[in-house]
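What follows is a structure written as structure tokens; I'll ask about it next.
Labels run A, B, C, D and E following the written order; every chain starts at residue 1.
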């Protein structure tokens, strides 16, 4: 039993493949999440301030992207653009490097597009929950809008948003499995291939789950720490 | 003396109810004016309109020679002329809120230094010095590292007052700045306000404490249901109430001095 | 897009949509209160209860739902005790029941996190006001805590609802023929991958637009100025 | 092909015996042998691209690779979307049921059809087998699985009464401890028996309209069938000859 | 007359700072006691300890013959004896908060009926009647359908008062219930409190308005830095301050009456 496991994981190299898949997952998940969050914040602010037209557009974006399966977003992004990108790349003579890098780029962008839609809702909800009087205080002191946002609104909203962001992150890291359709061997796809070939689906899916669990356990401690830091000034509860 | 504030025909309606009904008055440099009137007569709303936290329905506010006016357009919406002045106004107009509005995630010191650093562009060190001197004026310097929720009501109010004080605004709008303070501290605040006025600040305050109002202010303005009923020196207003409303209000206030 | 394929696929997919709706509906109806209870458990003073709820959330949020559904459907089915216990076997023996169970357990963990932070962020004074007039903990919860937390949580929860609808597609991996199950079959039959995929996505979108708009209206109705 | 001297081949990579991607990305199996054979004939280099089944066709459409070699069954329906080479092989299909099941001893397709009414039958999606059950075994309750391992797991759990799959699967499964209680129903079903649902056997998939490539592939495959290369691969992986003879 | 409340050696520390330092006093049925003292001396904390919103560090609270006591165990944690009484206490003890704590998602009427329906188990109709009569006592009946954020400070305070009033508690704890009210309304509240006391309610209130305190209360308790310095009738306390602290406090309060 243990010997079988050893052969499977080490001699046939699945352990390394799984780790490599895990690295792809982390890299794409992290970059996608960060990019999504960075874009989501200003969009959520526009939505929160009910800026005409923009706010409707943001709403439409968030409803559509949250409403369709993530796979479609990736399909459309990838298969919708790959021809054009290829033509451009070939013209400029970078075909090979683009061929290799493009799935990663699309992967990150697709994950960002998806996580962004979810982040917008989380941040908007948190912004709405910040007591208005506290912002009036900042206004009346003539704090510049940017400062008000970065020093008052954002920290207060972040405290309220943290749980939601944590949820989006946990979801995003697992959504990276969708990018396997562009040919990236991330963790889940590696596990699926291993499961199929070795006919031990349980073993490999559980290993994948454990690796995911390990990643989220690390992020969870970071989130817990952030939560404690942001709760300063609100009294223990 | 210079005219600091000119409020002209200020009107504010929430939905269909008029809360302010064409209020006009002027304030000169160094003047202290008390805004008095019964609960819900529009005092807080008036203050909030002056620095445009609330957009007036119509009227004009002139501060230090710059005027922002609001008029009703055809579709019944308020239109602000010179909205770009609003920030300039707010930089030199301080406001103490009726419910304090301290930032819960910043310490006492942080609440005060914030605007010093980011509006007056002081260095952090200088800001802390200024903040501490403002805090010590209201006896709160020793609480510098507490968070607002660790303070009593009166302590929070004093921090809110110091937050504005530290900015040395040209005009201070104080919404019941002593409501949660004991008489001893009220006296302290009174002293601070007097000093400020002597140094050239102009102060418009809402208060229910007639004694305090009388002691501190050059003029008193009485509001009733959004209308300005009387604008006089304290002595005059207390001796010769102009309308029935003023008289009735005062009779319940100062039975002794009537 | 090929019109033949559209007209061929849609009737199948509509049949699947019924199952999708069924799973999502059960997922929300059971998952929502379940999540709130777990969320409360995570904020409880009882350390054992708190740890149990924390662990549950960590596991169900930390692992892919695909694995969860596999473990529930294929994994538990290998346990003799479960196979011979009629109630448990009813719960996981049937693909649809197992899918609903998996969805409820999964969404419960996410919902718990949403509500835990919502409860945490309630102004203390408002709860004290309820406690001070002698309300029972149940009434403090139903009359003050929950209504306030719900308003705070709705934007994030609406996302969770959309996710439930979409995650229900994993039921297709355990033989349940909901939208995605039919879609997979149709795709392998016709190889019109993109066409069928887009129709499928449109169906999910339609369901979610209804759900998200309904929640948005609810949010607007419940909103108040802070 | 897009690059000279290279044939890019899309394949699933997780189908045991047919297409198996090892941890370092090399592909082995029956499909891989066919692919390598073709490349040798065409004097080009093989380059494998491993993709999930559902993204194979769109990926080929967007020129991620030139052909799909992943045990694709040729059907009229699918030919509307992609072109196929000539069929080169087909796996015999069998039902498997528990040894004590009434299905166990049946001898003909008609008997199976009668006996299977009201029973649940599992197949793997992404194959043509689901269509076969629906068309030919009308009374059966069909369940579809994403992978063979899931199909056999449910068979072992007793959730399904019978399963319908290619012979290679059963050779493996019946040899496992789980498979000990099960038996193959001795009715061999070949694609040719019901070509309108089961198709015409496995072919190489390519983009529509590339007649030049099709001609080259057909010729290469035909040669491989004729000189026994396909049989060799089939014997190696399946211990049986699945070759379809090449009609000129 | 019955003894309603007995506070015995009440102590409360936040971290290492003692906020209440062994306070003891008693209240009889129908008594009105004013708790006075400078800002931050522990008045609010004392009220909050009586209905256990804040867990005292040690001490005993006896209400209507039932006692809850808190003692420090070996690990330095507070242990409450008879914690199960707490809800019973709270049902008969009303509390008006210094910062109102109105529920923002309920209308004025909803804020008041809530506890009537869910604690006193009244029917909704009956609850509305009771609520409206309480609201009209403070002049807020016509605002029944407004939400708290649509009210002025004084109006919110009156709703908070009515919310407790409607419950007809045996003991009312009022934390500066008139701080945001104009003198006219302070007079109204004074009348309401007197009527309540005559009807047998017992009232413990925190206030900074000495005149109000003197007019309304049977006894005044002066706190300083968490210690009870004097517990006397208003006349006695005003005439004969027991300690230096009381004297200094009073001198700044009533320069006229001194």
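Operating definition for what follows: contacts are C-beta pairs under 8 Å (C-beta built on N, C-alpha and C of every residue); 3 or more make two chains touch, one makes a residue touch a chain.
Since we're looking at a predicted model, the values are computed, not measured.
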{"item": "Chain-contact steps, minimal, separating subunit C from subunit A", "value": "1"}
{"item": "Centroid comparison with subunit A (C-alpha atoms), farthest chain", "value": "E"}
{"item": "Remotest chain, subunit C as reference, centres from CA atoms", "value": "B"}
{"item": "Approximate Å spacing (C-alpha centroids) for the pair subunit A, subunit E", "value": "51"}
{"item": "Length of the line joining the C-alpha centres of subunit B and subunit D, rounded to whole Å", "value": "82"}
{"item": "Inter-chain centre distance, subunit C versus subunit E - centres from mean C-alpha coordinates, in Å", "value": "46"}
{"item": "Multi-chain contact residues (two or more partners), subunit D", "value": "54-55, 58, 150, 153"}
{"item": "Where subunit A touches two or more other chains, by residue", "value": "75, 79, 133, 159, 201, 235"}
{"item": "In subunit C, residues with contacts to at least two other chains", "value": "74, 124, 151, 194, 197, 225-226"}
{"item": "Every chain pair in contact, whichever chains are involved", "value": "A-B, A-C, A-D, B-E, C-D, C-E"}
{"item": "Subunit C to subunit E touching residues, read off their complex", "value": "123, 125-126, 128-136, 139, 143-144, 147-148, 151, 222, 224-226"}
{"item": "In the complex, subunit A residues that touch subunit B", "value": "133-134, 136-144, 147, 151-152, 155-156, 159, 230, 232-235"}
{"item": "Subunit C partner contacts - residues on subunit E that touch it in the complex", "value": "51, 53, 87-95, 97, 99, 101-105, 114-115, 118-119, 147, 149, 163-164, 167"}
{"item": "Contacting residues of subunit A [partner subunit C, same complex]", "value": "63-64, 66-72, 75, 79, 118, 121-122, 124-125, 128-133, 159-160, 162-164, 166-168, 170-171, 174, 177, 188, 201-202, 205-206, 208-210, 212-213, 215-217, 220, 227, 231, 235, 237"}
{"item": "Contact footprint of subunit C on subunit D as seen in their complex", "value": "53-55, 57-58, 75, 77-78, 80-82, 122, 125-128, 130-131, 143-146, 150, 153-154, 157-159"}
